[in-house]
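We just call them A, B, C, D, E and F in the order they show up, numbering each chain from 1.
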Amino acid sequence: MLETRSLAARRGFATLFQGLGFALAAGEALVVSGPNGCGKTTLLRMLAGLSAPAEGEICWDGASVRPFDAKLREAVAFNGHLPALKDELTAFENLAAWTTLENERADAQAIDRALADVALARRARIPARALSQGQRRRIGLARLSLSRRRLWILDEPLTALDSDGVEVLETLLAAHLEGGGLVVAASHQALPVPTANLRPLDLATVPGGSHG
Amino acid sequence: MKARYRRFAWIGLGLAAVGIAVALVLSAFRSNLVFFFTPSQVVAHEVPQSRPFRVGGLVEAGSLTREPNSLTVRFRVTDTAKTIPVTYTGLLPDLFKEGKGVVAQGRMGPDGAFHATEVLAKHDENYMPPEARSAIEQAQKGPETMPSLHEARAR
Amino acid sequence: MSPTAVPQPDAASVSAAFAWALGRDLRIALRSKAELGVQLMFYVIVVSLFPLASSPSREVLATLGPGVLWTAALLASLLSLPRLFAADFGDGTLEQIALSPRPLPALVSGKMAAHWLTTGLPVAVLAPLLGEQYAMDGTELWILAAALLLGTPILSLLGAIGATLTLGARGGGSLLALLVLPLYAPVLIFGAGAVDAVRSGLSAGPQLSLLAAGLLLALVGTPFAVAAAVRIALD
Amino acid sequence: MIVNWYRYSSPISFYPLAGRLARVFGVLAVVFTLAGLYIGLIVAPTDATQGDAYRIIFLHVPTAWMAMFIYLVMAFWSALALGFNTRLSAMMAQALAPTGALMAALALWSGAFWGRPTWGTYWAWDARMTSTLILLFLYLGIIALRNAIDDPRRADRACALLALVGAVNVPIIYFSVQWWNTLHQGSSISLTAAPKMAMTMLEGLLVMTAGVWSYCIAVTLARVRAIIVERERGAGWVASLIAPQGAR
Amino acid sequence: MSPTAVPQPDAASVSAAFAWALGRDLRIALRSKAELGVQLMFYVIVVSLFPLASSPSREVLATLGPGVLWTAALLASLLSLPRLFAADFGDGTLEQIALSPRPLPALVSGKMAAHWLTTGLPVAVLAPLLGEQYAMDGTELWILAAALLLGTPILSLLGAIGATLTLGARGGGSLLALLVLPLYAPVLIFGAGAVDAVRSGLSAGPQLSLLAAGLLLALVGTPFAVAAAVRIALD
Amino acid sequence: MLETRSLAARRGFATLFQGLGFALAAGEALVVSGPNGCGKTTLLRMLAGLSAPAEGEICWDGASVRPFDAKLREAVAFNGHLPALKDELTAFENLAAWTTLENERADAQAIDRALADVALARRARIPARALSQGQRRRIGLARLSLSRRRLWILDEPLTALDSDGVEVLETLLAAHLEGGGLVVAASHQALPVPTANLRPLDLATVPGGSHG
């Protein structure tokens, strides 16, 4: 499904990684690890189609894709460092706006259920500005639970989550992988992914890197 | 100890600044911050020559004349020391009275007269019924008033 | 939650994308209850500033009228430009918008439309009322309103290009102003010119048709330019 | 006495008191205004110079006075709110702002309509008019700032600070006629000199002032009550207050 | 690294705190090399817009001159205000500043001074050059420069109050404008009035001394007001 | 040293916690845990003197302190959610500005050494904008290493740190506590603090809370 060939990333005069190639099949989760600054975020943004690789190519469903490729845009759900929440809108409104943008058919009940699943039922109607760090991240989880995208790209999904939140993520990931979805995630901690589906990638071992 | 002295120094500096500021404000208000020029200034050529300005003063008693069949009026504005002629075309405000305050906007014409584009009446802070006014005027033998254009038409 | 690739209902629908962005931005704008009022107040204040600063002869005021009303409209548009994309850029929403399957030009068009509705339209409606202050008469006020209705959308459209190009650049606000003001200048000239023309007893036709032409061109061109600029900004 | 005041500085005990006072002043406002209008429009004679146009004075002067006075009161409550962190004073300041804005707007509007027949223009950029306009903008700014901040406690303090900073404007308005030789007339009424105004006119003016004053007090107290209910709706006593009506 | 309370060298020193904030903000401003240029360009463009919009009769231009030059200075100051504190607030620097042992009024004064040096001063220097366009002569230009030198710091000081009060509030830019413009108005009136006075053959003395008085009062008062506003914003 | 008495926090109409009292002595680390939105960040900001408690009082060195108290400001180092980095300045400049602000005597060598300690030597001279998430957090660690403040308040200090970063934090905390410093930290994961010095506080067990 998702494949890369001799991918390279450069920032300034530093090469973060090069010659990176992997293939990820349906139901598999690529968990990228590596020291701070080794290029995990950079890699994830490339795979999401947000930025162009310095070298190499990315293939999705067998076809080589360039940044903002239409096919890729239909398939990918990207949860980056930034929460993409509008402080003025409530959690409910934020989530509703997202699902509409992503073209998911989700009615008010579904959205309320998704928020309840991440224990935000009682905070669904206050402006997102007032939410705590973890509550903001949980809205991202709720979004994933409503998403029917095939490829989830998650940058440090555990940030600010308490143990309940981690459990929610675990359920989501398991269901997604089971349904044939793909996951690419960067994390410094072990991700709650069934070992059968786990494809670890340690960026520190990829050649060309010069970190720190 | 040292910190405390420093603190006093700052407070002293602040007070001094406020003092100077007050002095500056007072001196500013003693000189003229003008909304309009006086006829004396006009005569002394203390007014802009090339652009419009305002003249303020009293309408000289008995100076108001009208050109027949037009709205053009001529009158003289005085600050009791000096007097300048003014011409204006248009409706005068209700309060325009000979002997009363007026502020005219316009510029000096080549004929030495002030050509007003706008005439504002400036009135005093006295309010009284007409009977009281005429009683006072009788007492002072004040200048007789001419009806303004507006009032004349209203009759 | 099943990750099978369901054929998406109206993924390509331009109007749905437009409506989404428009609705969302309007909702955010109206959420700050005072927002619209503040915009209008700003306009009123700027329009009233000029007489404060220059000597307020009525004659000069009349000459100034169209220029001041237009320049203030332009500044109101300019001041609200940074918010147009910078907020979305800063909080990651722009990434999500650019990654969505919906057509990006339609999405950014919705945002630009919301910007016009919250800044340009109120100004166009208010300006004739303020025009009275500047000794403008009936026809002049109508022409003023017409010119503003045609011109302010151009301001929002052209401004959006500047706003996206300066995303993530240093020097934010003033760099944006620098980029955008030269683009605004022709709109200002023809817009103020239209009122001047009727005041001089001429027809405002030429100026208005030029504004209309400009608007049409901007409507066709800018969505794509802005979409391209958004993608560049995210790279 | 002091103890009494202290007791009323908490919203709970102030709420019922405000309700009673609001009713009293509401009635007073109606009575005074009707009487003032009667004196002003029917009893008072025409003015020697201005004819009947001067009767705008009965709206203009009370509102102009109130516009300035309310700002001072608001600044006073704001200072208390900032200094002692008392909830009720911030609520008072919040409740005063819209009424102050209304008064400033009325003073400007009535002044402009008075200026047309008397001076010959609706508007001239003289010092008093300009500074009254600025006063209106200050009121609007405070209202806008309040609406723009989510957290009411933070909004309280931010608005209080702004009100204090803007208070500089009030003396400027008041003394502008003395400092600048402007178009606007000087004072007809002052505490130090005899009024330069016929007695009946003055009576009408003072009765109207009392009416406007009572109106402002009544409206402000009513608004404070609304603010208390809105802000404290989490607290038990408010809940029991609004529960019988089945609200929310 | 030992956490014993070593007597700190000059934690209470006002001038050190001032210098720290001034130096830091100037460095950031100069880091974006284009920054200063952009400010000046903005000023030049706005000043040149007015003749474009209104019919540029020479006589009208002469009347407009001081007003336009001042209004543009005011807008330049206004446009750059949001950056003054909002960036520091958004990235957490303001928290650190408010928590530092150094006196907060001195720290915010440093920031305000940096704002003036990067926006007010360049404008005051540039304005006389632009004044020629508006048919202003030698004395008028000098008075213009003097008035701007006295007035623009007041703009930075008063503006800072508005900028801190609107931190974290909705409706950013235009709300700020609404709060700040009424405070700016007197500066504008006296500033433009100074030039008008000399043009009319009068002395600009009263206006200049009022500006100076305003500056002194603002210098004394605003640091404390701004410091209080910062603390309110962080609560 | 740090003591609270019947502290309460309210947000909107919700009481986050109330009646919170604890005393923290020199060399102790209070590690606050609890589910998302239970008020950890709120508590930490109160202790740092950034916001006023709804009820109760905070005492530092025996004296009750109000927000922005001068004594407290001399003693506290606060590392919150926000990095307090200027994107335009380099890591070196950012750190130098901080230490000067905090009135620490640190020369260029000391700063370079501190940056090297957090493995940022090679990134010290590029604008902070270009740094990775973890590298940004590491600058915060470098700041702590230069700080002589007695009370460290750390909100989720582990965020975005790789295992090396966690080790650096561990060393710092150990040294600080050993020297008689105090730490208050909020975290969802176990913090690397010697158990002897650890005072855990689970906010979920504090009465009055109504979370979620």
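Please note the rule applied: a residue touches a chain if its C-beta (ideal position, glycine included) is under 8 Å from a C-beta of that chain, and two chains touch if they have at least 3 such contacts.
Note that the structure is a prediction, hence the values are computed from the model and not measured.
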Among the other chains, which touch chain A and chain E together?
C, D, F
Taking all residue numbers used at the chain A/chain F interface, answer same if over half belong to both copies and different if under half do.
same
The pair of chains with the most residue-pair contacts is C-E
When you take the mean of every protein CA atom shown, which chain's own CA mean is nearest to it?
E
Round to the nearest whole Å and give the separation of the Cα centres of chain C and chain D.
37
Approximate Å spacing (C-alpha centroids) for the pair chain A, chain F:
29
Centroid spacing, where centroids are CA-atom means, of chain D and chain E in whole angstrom:
33
Centroid spacing, where centroids are CA-atom means, of chain B and chain C in whole angstrom
44
Where chain C touches two or more other chains at once, the residues are 31-32, 34, 38, 41, 45, 52, 55, 57-58, 60, 90, 170
Going by the touch rule set out above, which residues of chain D reach two or more other chains?
121, 124, 130, 137, 140, 144, 148, 150
Sequence positions of chain B contacting 2 or more other chains:
29, 32-34, 51-53, 118
Partner chain C, residues of chain E touching it in the complex
31-32, 34-35, 38-39, 41-42, 45-46, 49-50, 52-55, 57, 60, 63-64, 66-68, 70-71, 74-76, 79-80, 82-83, 90, 170-175, 177-178, 181-182, 185, 188-189, 191-192, 196
Applying the document's contact rule, which stretches of chain D touch chain C when the two form their complex?
121, 123-125, 130, 133, 137, 140, 143-144, 147-148
Can you tell me which positions in chain E touch chain D when the two form their complex?
161, 165-166, 168-171, 175, 178-179, 181-183, 185-186, 189, 225, 228-229, 232-233, 235
Where on chain A is chain C touching in the complex?
48-52, 67-68, 70, 73-76, 78, 80-89, 93, 97-98, 100-103, 105, 127, 145-150, 172, 175-176, 179-181
Chain D-touching residues of chain C, taken from the complex the two chains share
32-34, 37-38, 41, 45, 48, 51-52, 56, 58, 133
